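As written, the chain order gives the labels A, B, C, D and E, with residue 1 at the start of each chain.
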């Protein structure tokens, strides 16, 4: 611990990415920029890992007095957990970026959003939360602005509406409590709710505004509209950070309202109960459930690899929100674990798609095919990511999903548990579609000269693949970490087996069985069936030769029947609704401008007379 | 060098303006150099005044003609006035340098005279301690503004000036009726003595008088229905003059409004005036932001954005708490810096590329990189992105207004600033990622240095706002705390 | 019967009358003369209100010069107010 | 039809505003003695400024800043009108020559009007009327010449510098006051030199009021005639 | 809601202001508006002076016969001196703008002078 003195831990994690980002933007030479960027992303990871014991036992606090406000940051076990996940995906993103984007612009704004997320996780008072929240939003917005104006404006407007509703809530909390710090604000709010100093409606509005603010960033259904555009129209390796960690800022926001501010418990208790569950958390649970279902259905029907991954990311974050909403020990523990696993496998997925797009230049499924031989390492990484996302045992995804199932069942929420099962089934569906369309099947002729992904991208992928496996085999490690800041009643028997009141999961035995099974299958494959090596293209097709345009592999509209079944629901899309809303406001703006500033000096003097009339009427009455 | 030399703030621009007809023969360029020299001198005097006021902590009371306040007119240069006179002088100095390239219409000597007298009017409005003197300086500012708006002698400029004259004329006449009423009931014109006597005036008279004063100044300070003249005047005036309009002419009107409103805080019916001002301020922000949404002319768009920020300042000032006024003053400083930068860059593009339509701005990033960078920083600051200066004051204004119970108004203001983000970011996108015709334009050095200085100032305030916040705090208390104002003015016992 | 108060009433009535006429007349020259008349009557009223300085200034500047300036402006623009029939409602063409 | 609606609406609005203002004015009854600072002025005007005419003493001495502002306003007006109506080459476009009576009359009367104007502003501190009416009378003198003669133009090369010099003179007097009596616009003739204290009520009294009023008179005269000239000369279209 | 009985001069001044504002609100011709504005300014000056008048006292020229007790309030007269000249200055400026407008637009009807709108 002596290497990095305690006072420098927080400022280093917070500001080194931004500082190095600015440096990378200034020294825009080819290799200097990449090195600076990677250093910028590496500093938080190293500093956080060094500060592990200090943070997990006590707290490291740090204040910046900017005169206008005192920004107060604290590194305790909860914020260390989130910050470390962010830093890990950050370093992977840095490696990915160094091969996919050659511009100082991307480095500056990706590292700026990195600083923003770190600030959000470490903040201890509302204003610094709001400041870093806006910084994070602005950084990510600029990344999207470069590539697509419409999507970026949609993203910025929604997240600024979220940010400003948070500012309104902060103002309302400050108006009642007079302080901006979490702890003090929560105490005084608790007292006020007890003594009735604060009306219920006031508390409800604060809750609604916070829900809106964090819902936008976490992509809860009605507010998820920006996700496909923002995640898709972006440099894919940056999206690994964008969807892996920035959505976690939204989740962290929910955690602040639920746990960090105990007084807001008061809100949840004050809001009464509904079927025995707190209405507040019940609402959150259902929001998560709806997100899971809607996003998974939409993900399955996508034709573009980036849109599929985007909707799947929204769905997975829906899992976490759902688990937080279920609000019992096991579920919240599962949610925290899923935060970790989702960051890992979703980050990995986006890096893989970055490699694919970098090498082939294509993004639609029908152009891909048969890339397993050409890009073997990326294929292996894709296998890990697919297993983890689908929740298949040896990978981390399974452990966290299993905990969430356990939690939901214990909390007697059958319908919500139902949506989880449906969601994970659909997850498996679109993951298979991805696996099949991209890696197997017939390779189009123009992809023959595809080479393996560049080294830095591969390094980034391995950085994210290892935790998937490690935490898959040893979930106990992660759960022990989570138990340090939440008293989830998940007992850790040993590093590889965890048990909840209703069941235990021994990861080691499962992995051993899997390895044995694989070994047997391998033996049969090599010695048993005398399998011939068949060229992929010459599959027999009832007499007529297999040509380019009529190939057997159905990559296009893989789930056409499902789409037809759902077309009743697909008519309504939130996206079109928001478009119409935006046009409505613009037309209203035009009408107002033409109406009020109509250029006629006489009407202007009539406005003056009207104001005089108002003053007169007040004076006379 | 006792405090009375602060009267140079008024005397210097005046004597140099009268000197210009004598050097008419030297030609336009020499006059512009002369103009820059005089504004630099004025900035020096203002800096000296700023130093003395902020080191001694006591305001400078300039007593014209040696008569003590209620008898003679006094210039009360307190914390706010010292700070803002310096801002006025600096902005005028920058705009004088900017006039070299941007003002080419013919009678440059008359332009120099009007320029100096606009600066004088704003300085006088901020410094004066007497309501009729406030009226005279308001008239000086207004009439110079009329002349400067119509200076380009195009059809639009004359039309904009005509609208400004008709509305400004009505506003100032009613302001004068307000002064007649206030003088009729109290017998004195000095602000400090008025504050003392405010409680004892007959309630109907003070209600009518105060509303008329507020009405007159609201026309000058561009509150909602009364600011119909503002977008045209900003668009039609020469570029440096527009920057001066938005940087300090409107601020002087706002300061006078706040000073008068808080002077009569003991009078009857005072809270209604505040409620009306809050409503008008919120509507200003709302109407101006929405009108800027689909603007084809960037200069008019930034004019609307400036009006909406002025509405935000008016909201902060009329919230009625010390914190609100301090946040409002801090926003005044930030807004002055940002808007000067924006109008400087837009004006420069208008001059170099010919016209300030949005199509001239596409691909500006490659055509004029330095100006595009400065414009982007200014736009981002105006939107309220963190690490820039307006973020701090906007957060404080929202918190102060919610604290005083105006949560709905804060909501409307935030919704309006979402709209502001949209049109500014559209401008940034067209600038950096729009197509361009390939000609790269060389940018002039002096304007580049000014733009860079302003950018650094914005970032400095944004990253570490402490020194500027203490300035704003002391200036805010100077307006809000009327009893201290009365104590500082050496009133002669003239009472009955 | 030289009562001063009835002189005041007459002059005030004349002043208001000439003000209304100045506003209503279609011929701008007549309106300018009306304005000068208002200014003249105001100057007399100032005299009656024991304000000789103001009376002289009002007479010299108000009546003479502003009247002259308005007339020069009419010389350079147009004489008659083109009060064509009121087109469809000022409300409608908002 | 609509204009009748508009006019009636205007009348109603104005009546309500008028009623409101009348209620405000009712609180300030006509003709009562509510003087506060005015009483101080009336009691000490003779001792402190040496002027008999209290109004001019207030205008120049006590509330000097207002008049300084006032002179600037007029200066802005003439510069503004000059700037707006500025053309490269301008010429008088009057067509009808003044009648014989007007021409001879104006030639004869011109010096007397000038003399009367100077009389007004030199005796500002004694008799009613000061710089402004004096200056206005001088301007009317030039106005009459413009009326009478088709090609008469005021000597620009003399008037513009004179206007600037008069304005500078006024500010210089104030600055001298700042230098000598350490207050801007300090009446150094009356307060420090105690000049003309003996012959109160006669010409050489009233401190620097006559000096300033002469300057103001010249300035107002030149400015207003400048405005008249800008208005009456139009562009020469080649 | 009693009808306020104000002095004759107040009534005159107030009605001048109202007639002026009526002219601005109703008339279409720009010169007519400027004339109305000038009338408003004269009305306001009259109001300011009548506020300072004290019945039974004479002009504030302190010659032999008139002491401080016999003089009217001098301050409003000082103020009006400035206000009149400001009124003339504004009117002169406005008229020169009207002249330029007429040259550029060819009309003085404010309904047609509407290029800057929206």
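Following the convention adopted for this analysis, contacts are C-beta pairs under 8 Å (C-beta built on N, C-alpha and C of every residue); 3 or more make two chains touch, one makes a residue touch a chain.
A quick note: this is a predicted structure, and the numbers were derived from the prediction, not measured.
Peer 1: Please report the minimal path length, in steps, between chain B and chain D on the chain touch graph.
Peer 2: Counted as steps through touching chains, the separation is 1.
Peer 1: Give me the ID of the chain with the smallest distance between its Cα centroid and the all-protein Cα centroid.
Peer 2: B
Peer 1: Can you give the whole-Å distance between the Cα centres of chain D and chain E?
Peer 2: Taking the mean C-alpha position of each chain, the two centres sit 17 Å apart.
Peer 1: Quick check: how many Å separate the C-alpha centres of chain A and chain E?
Peer 2: Chain centres of chain A and chain E, defined by C-alpha means, are spaced 68 Å apart.
Peer 1: Taking each chain's centre as its mean C-alpha position, how far apart are chain C and chain E in Å?
Peer 2: The separation of the two C-alpha centroids amounts to 10 Å.
Peer 1: Could you tell me the distance, in whole angstrom, between the mean C-alpha positions of chain B and chain E?
Peer 2: Centre-to-centre distance between chain B and chain E: 28 Å.
Peer 1: Hey, what residues on chain C touch two or more of the other chains?
Peer 2: Within chain C, residues 51-54, 57, 61, 65, 69, 72-73, 76, 90 contact more than one other chain.
Peer 1: Among all residues of chain B, which ones touch two or more of the remaining chains?
Peer 2: Answer for chain B, listing residues that touch two or more other chains: 132, 136, 139, 143, 146-147, 150, 153, 158, 162-163, 166, 170, 177, 181, 184, 189, 204, 207-208, 231-232, 291.
Peer 1: Mark out which residues of chain A touch at least two other chains, giving numbers and ranges.
Peer 2: 593, 597-599, 601-603, 605, 609-610, 612, 615, 619-620
Peer 1: What does chain D use to touch chain C in their complex?
Peer 2: Contacts found on chain D: 1-3, 5-6, 53, 55-56, 120, 128-130, 132-133, 136-137, 139-140, 143, 224, 227-228, 231-232, 234.
Peer 1: Which of the residues in chain D come into contact with chain E in the complex?
Peer 2: Within the complex, chain D touches chain E at residues 3, 6-7, 10-11, 13-15, 17-19, 21-23, 25-26, 28-35, 37-39, 41-43, 45-46, 52-55, 58-59, 63, 66-67, 69-70, 73-74, 76-78, 80-81, 84-85, 127-128, 130, 132, 201, 220, 227, 230-231.
Peer 1: Would you pull the chain E residues touching chain B in the complex into a rising list?
Peer 2: 17, 21, 24, 30, 33-34, 37, 40-41, 44, 47-48, 51, 75-76, 79, 82-83, 86, 89-90, 93-94, 97-98, 100-101, 104-105, 113-116, 118
Peer 1: Would you pull the chain B residues touching chain D in the complex into a rising list?
Peer 2: Interface residues on the chain B side: 2, 4-5, 7, 10-11, 14-15, 17-22, 24, 62-67, 70-73, 75, 106-107, 110-111, 113-114, 117, 120, 124, 128, 130, 132-133, 136-137, 139-140, 143-144, 146-147, 150-151, 153, 158, 177, 181, 184-190, 202, 204-205, 207-209, 494-496.
Peer 1: Within their complex, state which residues of chain C touch chain D.
Peer 2: So the residues of chain C in touch with chain D come to 51-57, 59-61, 64-65, 68-69, 72-73, 76, 86, 88-92.
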